[in-house]
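In this document, chain identifiers A, B, C and D correspond to the written order of the chains, with residue numbering beginning at 1 in each.
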Amino acid sequence: MPTQPKAVLRVIAADRPGLVADVANLLFRLGANIHHADDHIDAEANTFFQRVEFALPEGITAGERDRLVEQVGRTCAGWQMQWSLRLADSPRRVAILLSKHPHTALDLLLRHRTGELLCDIPFLISNHPDLEEEVSRRGYRFIHEPIIDGDRRAQEQRIHARLVEEKIDLVVLARYMQILSADFVTPWKERLINIHHSFLPAFAGAEPYRQAYRRGVKLIGATSHFVTTELDEGPIIAQDVTRVSHRDRVDDLVRKGRDLERVVLAHAVRCYLEDRIIAYGNKTVVFE
Amino acid sequence: MPTQPKAVLRVIAADRPGLVADVANLLFRLGANIHHADDHIDAEANTFFQRVEFALPEGITAGERDRLVEQVGRTCAGWQMQWSLRLADSPRRVAILLSKHPHTALDLLLRHRTGELLCDIPFLISNHPDLEEEVSRRGYRFIHEPIIDGDRRAQEQRIHARLVEEKIDLVVLARYMQILSADFVTPWKERLINIHHSFLPAFAGAEPYRQAYRRGVKLIGATSHFVTTELDEGPIIAQDVTRVSHRDRVDDLVRKGRDLERVVLAHAVRCYLEDRIIAYGNKTVVFE
Amino acid sequence: MPTQPKAVLRVIAADRPGLVADVANLLFRLGANIHHADDHIDAEANTFFQRVEFALPEGITAGERDRLVEQVGRTCAGWQMQWSLRLADSPRRVAILLSKHPHTALDLLLRHRTGELLCDIPFLISNHPDLEEEVSRRGYRFIHEPIIDGDRRAQEQRIHARLVEEKIDLVVLARYMQILSADFVTPWKERLINIHHSFLPAFAGAEPYRQAYRRGVKLIGATSHFVTTELDEGPIIAQDVTRVSHRDRVDDLVRKGRDLERVVLAHAVRCYLEDRIIAYGNKTVVFE
Amino acid sequence: MPTQPKAVLRVIAADRPGLVADVANLLFRLGANIHHADDHIDAEANTFFQRVEFALPEGITAGERDRLVEQVGRTCAGWQMQWSLRLADSPRRVAILLSKHPHTALDLLLRHRTGELLCDIPFLISNHPDLEEEVSRRGYRFIHEPIIDGDRRAQEQRIHARLVEEKIDLVVLARYMQILSADFVTPWKERLINIHHSFLPAFAGAEPYRQAYRRGVKLIGATSHFVTTELDEGPIIAQDVTRVSHRDRVDDLVRKGRDLERVVLAHAVRCYLEDRIIAYGNKTVVFE
């Protein structure tokens, strides 16, 4: 394992010859040692995607680091790229929104505790008080933010204010059972991850397990995606399925689905934290 | 492996106490030796399903066999069951309909040749002449039944007549790319199996791989189902999925999907031939 | 969902005609309503296996219940069966043994808390003190039972005494990192479930993830099995695998494997609690 | 899809800063347009791997092409790389060795016929005459090369001579049931792919399905690997598994395994033909 600080550069650009060489040269000149490089070209869209994980030079100073970021920015601007450079110095700040189903939220906390998710989780917010004890006894802060007098907009604004105030980078909807308004969703574009308990686009909307049971499918699924203003239509990050049979009733689907939801959501969050996801159009490139 | 002739009894009935005992007693009195018995109760629908695989008594005569069938019928009638008793004396007769994609049809032929599918396949019918050579060189009869002057109805009637004349038990749509009319479908209820190249109900209709590509899913699937008059809405028999990524273009999805389609369709056909499927409502019980 | 008390009968016997009918008649005469019945015949071993899940008659008295058990016993004895009848009146008592890896143990506790595992968990025992806080804060009793002065035998005896005293039905080794002696294992035959972090029989013994990494496999697995006196050789209950690639280092295998271990172990424990497992020879029948 | 000729460069080298930039620059100067680039670093072994798929400049002449290859060679030599540059001008030549099980060989032929495997297959060789008709009727050349008077060495030499004479690039053992000697294997290092019908390293050697049945595993697998002089110990290219239960007898495992073997072997061959595999030590990097 490298002991030098790590960095991840992600870029999107119109695909032109020389682009790969230019990025590679830049990083070389900056003294970076590349650990992993993945690129992808969407030929239909003539778009180039790259993720480069590299170690900064040993003993780099804060000033040198700033110059490095500046030079990367200049090069990327030259190619009209969209780019993001993440220096692994400060962990990302993640907030979890939940309602009454504890399994995905508590699973994220367990993974956080055991070092699998490298981030800070300053608090969890719920529209219900039910899970306060479960969350608190694990040593995390639980905030109850109910919808008062049916005023969803006000509740959303209070949540938004807290997220901003606490400098949250990523919001995870861990079976948060409210449909968020476009006003809430828009500023968190590509920083708001949901877990939907079906294999989207099958069974979007309410009660997917009941829908699956009625249709008599032989597999059920879970889908983690960025939230957009179109319900259950955002870019898909991760999906998985498991086998069911005629013996499974709705509550069996719910139980089997819980394992899927936990694994799929955790995987998406982990990919996000490791800067493996690039969203474009209504899709994602996930460099695994 | 048993050397005695095998039989499979399938029943559906309203669930009442005593039913299981009555069927078991009947088979015992008839001298049957039960090899496998599976039952299932759909509690919501209060419906009982059973599949019993048993060996007939050694040296049973044709007359005794007829009486056995009669007695089973009487018992089942007494419980107001729907039932089917299949004696494994004569193989089922299967016809395959295909168009231009050879992979599922040729795969079924290979499985038939190697003894995996115990049935007769007297012919394959296509609306296109393209695959005649591939089919014929494998030693199977290929019938070209084109749509002439756009008259689909007449073509369907010619196909139907052939199926009836040849006493076909099961019709398999191995990527047959015509939508069959309700007139054609209705008499083949629960004897007409299709392979749809998506994880239904996602991506029903035309060009599912293209739809999947556009939506950016991370898994693609295939679904085998009984055909009903509602397109892609019939009872699902088997489904499977495989992983895809941003690197996969539409033609990669098509290629990966071919393996799914082959395995899923063959599985459904095999379950049918072994009398493992009971359709009810718009679902199936598949005793595997 | 049935509101009457449920019962599960499991039997193993030499396969003879009439056996199925006799069991079915017995249950019918006793007024039982069968919910599920699965049977299986191992033709090579000429052995019959059955699991019947049924509801007792409504309003059955304690005395009637005792007679029912007695009658079942008599019938089973008549067929020289091994049998077990479980009345779902009192939950089973489960003890968890763990060491330093928390994930499988805490996962079982979460499933227990959310009602997925119907049992009592009176305590967890560890040879290390490390996880005391994690366990206690979740409201479970943690017992530290260290190996003192290298005397493993004495430690095992203390653990055994506690298990007996607390009338434990099932002992779960949730990544308990000590090899238990034959003296300990023998009295817990078929009541002692382990999770091994590989796809057995590949990579038995120590450090399976490191072994898997060295061999360059493309899938890693986890195996839950009954513990016998032969290390990692007991009857397998459940297995699953997940995909890995050249990009995964040993610590990635460990991380990916944790999800497998949790799901596979929980599945095995659940099957046990629902009386779905019948062990015979060095194998299991698992009626799912 | 690109219409320009494609090329694939694969390299292995000790990992040093500047390597990525140097390769990227080289390709840029040569006028190549990179379509995909994957790299990987094995930190333990301090080894760098890269696969670059690129289009040659439009209208490149034969002479320019030769110079390009020369320049690549010079650059790679400068970094002490092992390298391979494949220009997609002439398809690879593949020979298939088989015995009596037709499924994997015929499956490869079907994929070849439908354009999924881009290569020439000048002949198939078998130590048994049984499959001659099946192969020939599909329009491929079948060569019967039996072991005469027990002289395996002579038979191997005759096969080797044919492979050399026909300029074969890749030899595929499609259930070829003879153990090949070190003398045969050595010259085909990393060009000889086998399918083993188990999840290696479990159940190496003879009759893996029978071994799996006896052990009572809940999953069976198939493994495709490069053949080395150590039986079933060569670098693994691809693996997959499928679920089995107590209901499956040995012949069910064989049947289910056939689907695995076909898919896993075809996948390995396809990765080979697309230059996606880099073998090193006893492992593979497979850039998918």
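Some points to look at:
As a working rule, a contact is a pair of C-beta atoms (placed from the backbone, for glycine too) under 8 Å apart; a residue touches a chain by one contact, two chains touch by 3 or more.
Nothing here was measured: the structure is a model prediction, and the numbers come from that model.
Set against one another, B-D and C-D show the most C-beta pairs in contact at C-D.
Subunit B and subunit D have centres, each the mean of its CA atoms, that are 36 Å apart.
In this assembly, the C-alpha centroid of subunit C lies 42 Å from the C-alpha centroid of subunit D.
The set of subunit C residues touching two or more other chains comprises 1, 36, 40, 43, 247, 288.
Viewed as a network of touching protein chains, the structure reduces to a complete graph with every chain in contact with every other. Residue ranges of subunit B in contact with subunit D, taken from their complex: 1, 36, 102-103, 106-107, 110, 113-114, 116, 134, 137-139, 247, 251, 255, 258-259, 263, 288. By the touch criterion stated above, subunit D contacts subunit C in their complex at residues 40, 42-44, 49, 199-203, 215-219, 221, 235-241, 245-247, 249, 281-286, 288.
Here subunit A touches subunit D in the complex through residues 1-2, 17-18, 20-21, 23-25, 27-28, 31-41, 43, 243, going by the rule given at the top.
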